[in-house]
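Structure incoming, see below.
By written order: A, B, C, D, E and F. Residues from 1 in each chain.
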Amino acid sequence: MKIAVYPGSFDPITNGHLDVIERAAKLFEKVIVAVIHNPEKNPYFNFKERIAMIKAAVPHCKNVEIDSFDGLLVDYVRTKKARSIVRGLRAVSDFDYEFQMALTNRKMASEIETVFLMTDYKYSYLSSSFVKQIARRGGDISGLVPPAVAKRLMKAKGAK
Amino acid sequence: MKIAVYPGSFDPITNGHLDVIERAAKLFEKVIVAVIHNPEKNPYFNFKERIAMIKAAVPHCKNVEIDSFDGLLVDYVRTKKARSIVRGLRAVSDFDYEFQMALTNRKMASEIETVFLMTDYKYSYLSSSFVKQIARRGGDISGLVPPAVAKRLMKAKGAK
Amino acid sequence: MKIAVYPGSFDPITNGHLDVIERAAKLFEKVIVAVIHNPEKNPYFNFKERIAMIKAAVPHCKNVEIDSFDGLLVDYVRTKKARSIVRGLRAVSDFDYEFQMALTNRKMASEIETVFLMTDYKYSYLSSSFVKQIARRGGDISGLVPPAVAKRLMKAKGAK
Amino acid sequence: MKIAVYPGSFDPITNGHLDVIERAAKLFEKVIVAVIHNPEKNPYFNFKERIAMIKAAVPHCKNVEIDSFDGLLVDYVRTKKARSIVRGLRAVSDFDYEFQMALTNRKMASEIETVFLMTDYKYSYLSSSFVKQIARRGGDISGLVPPAVAKRLMKAKGAK
Amino acid sequence: MKIAVYPGSFDPITNGHLDVIERAAKLFEKVIVAVIHNPEKNPYFNFKERIAMIKAAVPHCKNVEIDSFDGLLVDYVRTKKARSIVRGLRAVSDFDYEFQMALTNRKMASEIETVFLMTDYKYSYLSSSFVKQIARRGGDISGLVPPAVAKRLMKAKGAK
Amino acid sequence: MKIAVYPGSFDPITNGHLDVIERAAKLFEKVIVAVIHNPEKNPYFNFKERIAMIKAAVPHCKNVEIDSFDGLLVDYVRTKKARSIVRGLRAVSDFDYEFQMALTNRKMASEIETVFLMTDYKYSYLSSSFVKQIARRGGDISGLVPPAVAKRLMKAKGAK
């Protein structure tokens, strides 16, 4: 259980994601936070911004790397010689989606195991889209996202 | 428990929404039906139409006001000196979304309580999007929505 | 919305129940915490103990009464001239049971409304049976239940 | 799709069960309502009473037979030369249990198909145990169960 | 129970759909696989392609017809003199959507029954959108879809 | 991530449990299968039998130990110097229970992480109680449990 990949859009990273990263960093020797490069999906923050915000948020975990990928997740995981995919489960969450993804990945790469960790219940209500919605309407998002994200979301709002 | 806000897109109001309004009107001294003004979301009926249809449907509740807001719901609730947000729960429903919204609102305004009322099971299958889908395909929607809405939906269909 | 009944077995009362009581006490003029007297169910604490523990926990809410009932809940609610039943919803919870109960009560007494409040997410994992299970196995339950309950649970454990 | 078996404890039969039987009777040439004989489970009504109450409730469906079985459901279904098992799904329901049962039966007898029908939403809150609980506490159960069941439940209550 | 309609977008047909078709074909005298013609929804494969792929996949079921419809499903079902709508339920699935649709259809046409069949657990994770997502990212989709679909998806990918 | 504890009643061990053990054994340096000693719960197989059946089933995993505990799980985990609790998630499963347990354990021992692994979908319908129910009614349980368990279940049935 040396290396694990924690994939996501991170559009933007929230304190819930950070919580999962910190938990995974204690379990695995190395955790690779892997930002999905899906230009078709029209993200709120572009690829570079999303990576920059993660970098600003996780300097305190020594065994955490930040990377990105396009193509198939399991291919990326194999490239990295990782054997585990980390996913956070929230008490308020969409199991169906997580299970579909985990079962599909297992079907394509049976040697890779999806490991589910439970987010702190403090963050059980948090999602990137909720954070963006609150910011768009002028709500206070400090406490929901790392400081660098809060700053950018506020700036983005001003610009739009 | 004087004033409660019942927020929604109401695109359009259904008999399920009406049922919740009537239940809330018995519990609270004043219920404000507050239409969310979200131009980005590209609603089927424009803002004025949605308000007009609610007005046509609820003249019989004396302690019900119809209003609208943009920005953050909790800010609006505070402006109205209300302390409660009303939401309908359907037996067939998306708790996850409701819980995320309620928990997020509580995080931002702990003095405001979300109060969930249960829709009549007759309406447990009803949603604005289902009604629009049925109307678009030529189905009979009387019994699902107030008469004024049925009329407009039929007209809208003809025009499109 | 003068009077509400908050029914339950309270075997024993937890901090989650207390949280609901405090929220309800802000919404209603009077909240009656009503302990169900169901001798057939073989509770852990007897009827008097359960009431005593609630009394020890809620002296700070002036508009909260503690009472008990047997027979049908809706009959009791009518006797008390209340119009609302309060129930707590936890993010981790059994909606099905709550919905069955609420729909059955509505069927029997359509003038009585069940009002669902959301427990603080801090208590989303709490239930009386979990608390008893932890106490039985020697776990620390302070923080999960009011002090008087913690004391009795520890004593009960010693005696058994 | 000649013959279908509708298995259950029917302790006692409710109007929700009846609704499923009537729906199934329109779909299949013959529907066998099959009461599970599980003496270990300590039912409220004994085996004969449960069958008698079903018989009193369904004389109006000509292609409905009432029978009983012990042992394995799929063995019974084979004996009856049936190919389908009917189960009712309620909007408020335990899918997990139904799915476990259906998947287990398929594992043991792949030629037998479980067919799920949706109960009328009027009965979505109904279950045998709720009915018994209401009757025990003196509630009005007419409208929830067939008349013969209501009569017996009232009598049983008086006797106990 | 002569004729059943199995409606869907089938964009594209998966092995999970095929599994449901085969199960339905054993239960009913005739099964009509009915492709929804919804030009507004911007499907991945056009109408003709979707029908062609179904035709290539189901030649082995003699009592299966392939057809299409626009307008209201229940109107189409009536036209075909069918009395049943078939839907597959997956262990990993969206009951809410299925229930809304089934209850809405029943409201509009009470004589038509929705019959739910359980997909083989092998396909519990499968959906058309997952298959497209995997293909788009270069994953191996043989085993998830009929051969003709796999071929087209690969070709479509190359073209785009 | 050296040592993990996989706790359970294992009354009896099923092929689903075995699947989780094998997955965990690949992730962790050592996996301790820990049988809960709860005499109050009146298990079907006694404590020794349950342990013997696990031992017979897992000789092929070199880094798997079989042990037992009473008292609090987190205390036991600490004694073993483990930092992880392993739990299997089934597509057909009770998340609520798992989440309550995981959150309660985290509350009591924040340094211990619960790691959820997904059972093979082949076993998504399997549970110890289902296996016992099938065996009791004379069904074929080979394929659901390890051979030693099947033998004992058959013998137990004969004796009872």
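Following the convention adopted for this analysis, a residue touches a chain if its C-beta (ideal position, glycine included) is under 8 Å from a C-beta of that chain, and two chains touch if they have at least 3 such contacts.
Quick caveat: nothing in here was measured; it's all calculated off a predicted structure.
Contacts with chain A and chain F are shared by C, E. Judged by contacting C-beta pairs, the busier of the interfaces A-E and B-C is B-C. Averaging C-alpha coordinates per chain and comparing to chain F, the farthest chain turns out to be B. The interface formed by B-E recurs in A-B: of the pairs listed in A-F, A-B or E-F, only this one shares over half of its residue-numbered contact pairs with it. Between chain C and chain E the centroid-to-centroid distance comes to 47 Å (mean Cα coordinates, whole Å). Separating the CA-averaged centres of chain D and chain F is a span of 33 Å.
Rounded to whole angstrom, the centroid-to-centroid distance between chain A and chain C, based on C-alpha atoms, equals 38 Å. Across the assembly, chain C contributes 91-92, 99, 103, 121, 124-125 as residues in contact with two or more other chains. Chain pairs recorded as touching, per the definition above, are A-B, A-C, A-E, A-F, B-C, B-D, B-E, C-D, C-F, D-E, D-F, E-F.
Residue ranges of chain B in contact with chain E, taken from their complex: 92-94, 124-125, 127, 130, 134, 137-140, 143-144. Those residues of chain C lying in contact with chain B across their complex are 1, 23, 26-28, 83-84, 89, 91, 95, 99, 102-103, 106, 113-118, 121.
Contacts from chain E toward chain B in the complex involve residues 70-75, 96, 99-100, 103-104, 107-108. Note for the complex: chain A touches chain C at residues 91-92, 121-122, 124-125.
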